[in-house]
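Shared between the two complexes below is chain A, which has chain B as its partner in the first and chain C in the second.
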Partner chain A sequence: MRRVIIILSILVFAVVSSQAQGFQNFLDKSEVHGSFEFDGAYYIADDAIGFSEEDWIKGQPFRFNGFGKIVYTNGGFSAGLRYEAYLPPLLGYDQDLEGQGFPNIWASYTHEKFSFTVGSFYEQFGNGLTLRSFEEWMLGYDNAINGARIVYEPIKGLRFKGIYGVQRYYWYKWEPNTRGIVKGLDGELDFNQVFRGMADSKVRFTFGLSAVSKYQVDDMKELNLPENVSNIGARFNMGIGKFNINTEYAWKVNDPSVLNNFIYKDGQAWMLSLTYSTKGFGFFGMFKRYDNVSTKSDRYVTNNALDVTFLPPNTEIHTYMLTSMYPYATQPNGEIGFQFQVNYKIPKKSKLGGKYGMGIAVNYSQVNDIARDSVAYVDAFGVPAEGIGQPGSKGWTSPFFKFGDPVFWQDLNIEIDKKFSKKLKGSLLYMYQTYNIEVLEGHPEDGPIVYANIAVLEMTYKFTSKHALRWELQGLWTEQDDGNWAAALLEYTISPNWFIAVFDQWNYGNPEKEFQNHYYNVSFGYTRRTTRLSINYGRQREGIVCVGGVCRVVPASNGFYFTLSTNF
Partner chain B sequence: MKNLIISFLAVLVLGFSSCDVVEEPYFTEFAIPETEKKVLLEDYTGHLCVYCAGAAVEAEDLKELYGDNLVVIAVHAGFFAQPVPHDPYLFDDFRTDAGEEWNDYFNVKGNPVGMVNRIEYADGYLVPPDRWNSNIVDALEEQVEARLEIENSFDEETRTLTTTIKTRFLVGIADPVNLMVCITQDSIISGQKNLEPEIGDVPLIEEYVFMHMMRGSLNGNWGEMVTDDNPVQVNKEYTNTYKQVFPNDWIPKDCHVVAFVFHEQTKTVIQAEEAAVLNE
Partner chain C sequence: MYLRAVLKIDWNYFKTRYMKKLIILFFAVILGAFVVAQETDYNQLPSVNVRTIEGESFNTKDIYNDGNPILISFWALWCKPCKKEMDAYNEVYEDWQEETGVKIYAVSIDDSRSTTKVAPFVNGKAWEMEVLLDPNGDFKRAMNVNMIPHTFLLDGKGNIVYQHTSYYEGLEDEIYELVEKVAAGESISNN
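Showing the complex of A and B:
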């Protein structure tokens, strides 16, 4: 703590000294912003859902995750710090997070064409196929880079970035010859800003190139490991009227690691998305292919940490209780898939649209394994062999556009939303899902594939402009995994400050009668300006929480949960 | 325009210049050190863990590779070692008091994972199976600081083992040193979950053969001090004798006595030894 205060004091002093207009001017320009969040839980043993004192609570019924972030700005200068505490972490979060301290401290200065940052920073090149460092509180995930960053913008529309550093790994201090060092360069050119002839063009075009390299010492006796691994990407974004196309391709040299079973294959990632939108109609399509692109700055790490790259998912993110029961987790070792969505608004005063019109959205996504053929290699004992994904081999060969077996995921959903009157509106959703639970959760005994039909009906009735009642009825029908589920929710809102909700998820179709549990819950919340308090009591079902294809497993639990957050 | 192209090319040059493309053969030829050093590999495992069968194969391969220089204990402990009542294949309880305590002490949260001589590395004690080999080689290259000798006699009538451990230190060690003695057993057949088809049936290997399974300790969860002398004396032989009545499911011909001396404070193992219960 003393170190933080000294650093900040020096930085503040430096800025003070540099201000010619004097101290008052300095104070006038100063701004301080921040945010705080406290998520706590008091767990109560509940043997009916397998949440026992012995296996889960272990004498620590109270747990909390919290953070506080303060950012100071003064003109082109900014500095900040972030405090975190996991004492101990909530269940379902990586228990390596246990501890408290200041994981992130940084200072940044922007002057004319240059911007410099030292300390912890987040950065993304393009879509993230070569580099993305980010923080996601919901996942307990933070792969901030600790080092230096320079951004140079020689002319408007042309920007270069350079980064150098090591990534955050829970509370472990970086030491030589442990996790790797990441360095990268990125250039992006906006043709419409740089070339005068295109300034007024209907075609908007940007182009980018990035190169990221990681260094980790070769510390393995039996394999010759590459110490420097590069990942190079190219991308463009083009808008023509109502169309927009975005694509990025990245290629990586051999990067043997625990995650790919120490194969020496190069890696390729490609994503392509197309959007079209006009009044009342929208289309979104996406294709992606990932082949051996797991990239971490420590080749031995397998948990949710130290990712250098980010692989955007191409599946719809569902938020209802039962539609989000089986979320998709990106498979960096290989997947190929596509998604499209059509949104159409049936006009007002038409036969189907009625007085207020009606919205229809159809979404389909599918992800398969890539097709893989075996390769010849020489094993550890010098014996010629053949196989797929064997350590010390080139891994596999794969036809680029061929969809392999098995299917990982399919999701067809149709959602209709309609306003019936000034007071009543509702939506109806049907979804058919194919979920490879063997690959995505490692539970072959429950499948291997779950086929589920899901329906959701949601209605909202506004009593007055401030008082509203919302309810949901949901059903999930499957013969695999835990069988059928039903769910219901009632939520009463008094805008803009209060809400209270009760809901229940009932696993009435579980093949084992003793596991036909209710997961009941009651919650209320109070919001005042930027401060929000919510308190829940009830059972949480076992499941998976995913954000952007990155997931964590949540155990079944019972207890009180509360969140207090604010920002200024 | 020229500068623009040069700038973008610089990005690509950095990308290509900072990479090592490794050509075949990828495996190195490394020599097994000739040493008296005997290293302890602990494989923390459980019959509910779907990747533990693969890790056990790795441990067995390493045992074959290093022979007497490697002592393996498969510690069944923690969440994945829980028995499943009424399950015909997974009802066995292979947990031990010592194993459970070690599991908690070393903060084992997931399996498979192991420890090599209980050395604490920069990222902790626990080592994934892919790193076992490297770490074993490193440990074998360390100085030999002690020798252990195990003498066993087994009374078939009373099913009682008498084991004598003789320890001789080759260097002075200032901090307290403990001796741990336990029993391992091979060839135990029971169910094991599995998600790796190349290892066995998926999702369950019904008749899996467990090797090096920790069955119990002869002198507590953390052993006991080799001697009351502190520090231990160089070249003096310390003798410790223990008796153990074998339960019915401990098959003497499949059992070994495993002994190791370790720093009481850091838990780092100094030397390990293993001997069959029945002399061949």
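Showing the complex of A and C:
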């Protein structure tokens, strides 16, 4: 230890005092960058919205999530670390995050055709159906792999990757015979870059193969569990002129886990998307099917952690206050669905388009359960029986293209946006939604299905080149769940530094009068370059926040919230 | 009192696990500080593999504009202010290019839920800028972007001379003033 410090001191001294060209060059290439964020809250009990001291605040009204990251680079070398603190975590985040320390430390080196990384890293193979590690600060989600990665690119357009490691699980240290070890290989070939004859071809073709395996010890007496579970995927992307096809299929061996109720069934995931686009017009169509593909590197874990694969949801992401009331979450045990979208820009100077043109987007998506047929198995008393999803059985059989009951989700939305003049622009959105609250949130008493109509009007008026006012009016109408909602927002901005906003969501149609609450908010912020400070006071509605198919439930709350974020 | 208690407990844990790494990093930071002191404007883009919307692999080292300024803006389909910012750039992009030669790279951080939706969206909107796909946020992380929209301005030598996070109506005018200065070879370090 001491020796390391002495050596480093000498090194620093030598580097700093030397004017030699080599050292100067070394210095010139060195860079240090980083970023920082602090999200804090001071909670205030509010019994009207069910946010009580006993159930939620529990004597800790001040809570925060924060991180700091520093990266050093010098040419092909880089090293960095990330500090995180949750003391204690904000409400709505997994409380297992409580603690502080350095979850991520890494170093990597790239030289010509090779790149090596040790420590924590993020990786995705193809669309993520066989492997994806990523982090999403807004969700408190991080499944970084801690281990080693090698990337080899023998020629431009041909790339191989190999990874080996264990995944981050909050602050729990990895020990032998606990959560599993993940290994993976991926190869991708871009025909147009590799084969000269295709360099100028109108057809663009990329092909990839991946194989991922996880190992976890079989520590269960009752069942004989597979210790090595592999998942193999193939994919291609082909573009022909204005058309593009992207598809990926992955198949995995049986992987009994708590999530699939310990069935011994293989799993398969398939996604296919077709697009056509030309200037002013875009079409997108997608089909997806997931059958028993939950894959975590610990078969006993059920919370938002340790996912080896990524199962992208097949639905549009909505961001307005009321359109995001009922978001979709992928059902890894089985779902089948499709989605269509058309984007069209009505040209400038046409009758409907006016001086600036008008944009129209129409999107429809639907997701159902897969169809399942029962399989034969032997029950706990040794008696032959038939059933679906019985522990120890082969689970079910399922016809590949058949849509099962029930429907999980349907969403038709139409959005138009138009600029009326240099000062005024606006957009209008209508959405019809079917949401299976029993499956997606597990409240059978409110369901099983919520049908909602939602409309949003958003307008922006520019007073001068720097001052602008934006307002939103929103309504959600439903007979189920909490009934009707209305919302309004006013936001004033002074570019490039200031904003102030007030908004309210009002549950005026709640069948129980005492719950017809207002969720009012005031928020204020200052931005200078990359430093952003915002302060918010008010009530948060109970809801689900989702990013990239991972969701967390946020309780209703009241209080002050601060965010400070910067990078350098 | 509470905070002190926390710090006290963690100090030992900290020492045993991270002290060595931290000291090494501390020296690295000192080295870096000398660099910053000597070469205030020196900066280069990291080498990260992303994709074009045609599906081809693209290395961010190849972001290039023949000695003219470059804007790199991180956005996503789910980010309304980002799309407004891109719309605002797109409306004036032709004029900007004529006057300053600037090139805009719009880097979508949409994950595989919607990466294939980006091309039809961008074409449907008739955006003219270069669009790149960063589905696992590799480029975003390498550039230390915390939240989007986040826009970088690079001078003709590829040095990052200005960054901004968030978008309010009219930001494009401010950005354009800076692009003009950079194109004229002026320093903007005090803006």
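Just so it is clear, the second predicted complex is superposed on the first by the 547 of 568 C-alpha atoms of A that agree within 3 Å, B and C clash if a C-alpha of one lies under 4 Å from a C-alpha of the other, contacts with A are read in each partner's own complex, and residues count from 1 in each chain.
Everything that follows uses one rule, which is that a residue touches a chain if its C-beta (ideal position, glycine included) is under 8 Å from a C-beta of that chain, and two chains touch if they have at least 3 such contacts.
The model shown is predicted, which means the values in this text are computed figures rather than measured ones.
Engineer: Label the relationship between chain B and chain C on chain A in the superposed model as either fit or clash.
Structural biologist: With chain A as the common anchor, chain B and chain C both fit in the superposed model.
Engineer: Just chain B (first), just chain C (second), both, or neither: which does A:Leu440 touch?
Structural biologist: neither
Engineer: Quick check for you: in the superposed arrangement, does A:Thr302 touch first (chain B), second (chain C), both or neither?
Structural biologist: Touch partner of A:Thr302: chain B, not chain C.
Engineer: Now for A:Lys221: first (chain B), second (chain C), both, or neither, which partner does it touch?
Structural biologist: first
Engineer: Determine how wide the angle is at the CA centre of chain A between the CA centres of chain C and chain B, giving a multiple of 10 degrees.
Structural biologist: For this superposed arrangement the angle is about 140 degrees.
Engineer: Name the chain, either chain B or chain C, that contacts more residues of chain A.
Structural biologist: With both complexes superposed on chain A, more residues of chain A are touched by C.
Engineer: Contacts for A:Ala452 in the overlay, against chain B (first) and chain C (second): which applies, first, second, both or neither?
Structural biologist: After superposing on A, A:Ala452 lies clear of both chain B and chain C.
Engineer: Just checking: does A:Val229 make contact with chain B only, chain C only, both, or neither of them? Give me first, second, both or neither.
Structural biologist: The first partner, chain B, only.
Engineer: Looking at the overlay, what does A:Lys183 touch: chain B (first), chain C (second), both, or neither?
Structural biologist: Only chain B; A:Lys183 stays clear of chain C.
Engineer: Considering only touches as defined above, state whether A:Lys345 meets chain B (first), chain C (second), both or neither.
Structural biologist: second
Engineer: For the combined overlay, can you note the least CA distance between chain B and chain C, rounded to whole Å?
Structural biologist: Nearest C-alpha pair, chain B versus chain C: 18 Å apart.
Engineer: In the complex formed with chain C, which residues of chain A make contact?
Structural biologist: Residues 1, 4-5, 8-9, 11-12, 15-16, 27-28, 30-35, 37, 69-73, 76, 78-79, 81, 87, 100-102, 105, 110, 122-124, 126-128, 132, 134-135, 137, 157, 159, 188, 190, 192-193, 204, 206, 237, 239, 244, 246, 273, 275-284, 286, 310, 312-313, 317, 319, 341-345, 359, 361, 460, 462, 464-468, 470, 493-496, 498-499, 525, 527, 529-530, 532, 548-549, 565-568 of chain A touch chain C in their complex.
Engineer: Quick one: which bits of chain C touch chain A in the complex? Just the residue numbers, please.
Structural biologist: 6, 10, 13-14, 17-21, 23-25, 27-36, 38-39, 42-44, 46-47, 49, 54-57, 77-80, 111-117, 119-126, 135-138, 141-142, 144-147, 150, 162-166, 168-171, 173-174
Engineer: Flag every residue of chain A that touches chain B in the complex, lowest number first.
Structural biologist: 55, 95-96, 158, 160, 169, 172, 175, 178, 183, 185-187, 189, 194, 209-213, 215, 219-232, 253-254, 256, 258, 262, 264, 300, 302, 377-380, 382, 392-393, 438, 442, 444-445
Engineer: Would you pull the chain B residues touching chain A in the complex into a rising list?
Structural biologist: Touch residues, chain B against chain A: 4, 7-8, 10-12, 14-16, 18-22, 24-28, 30, 50, 79, 82, 109, 122-123, 128, 130-131, 133-134, 137, 193, 195, 202-204.
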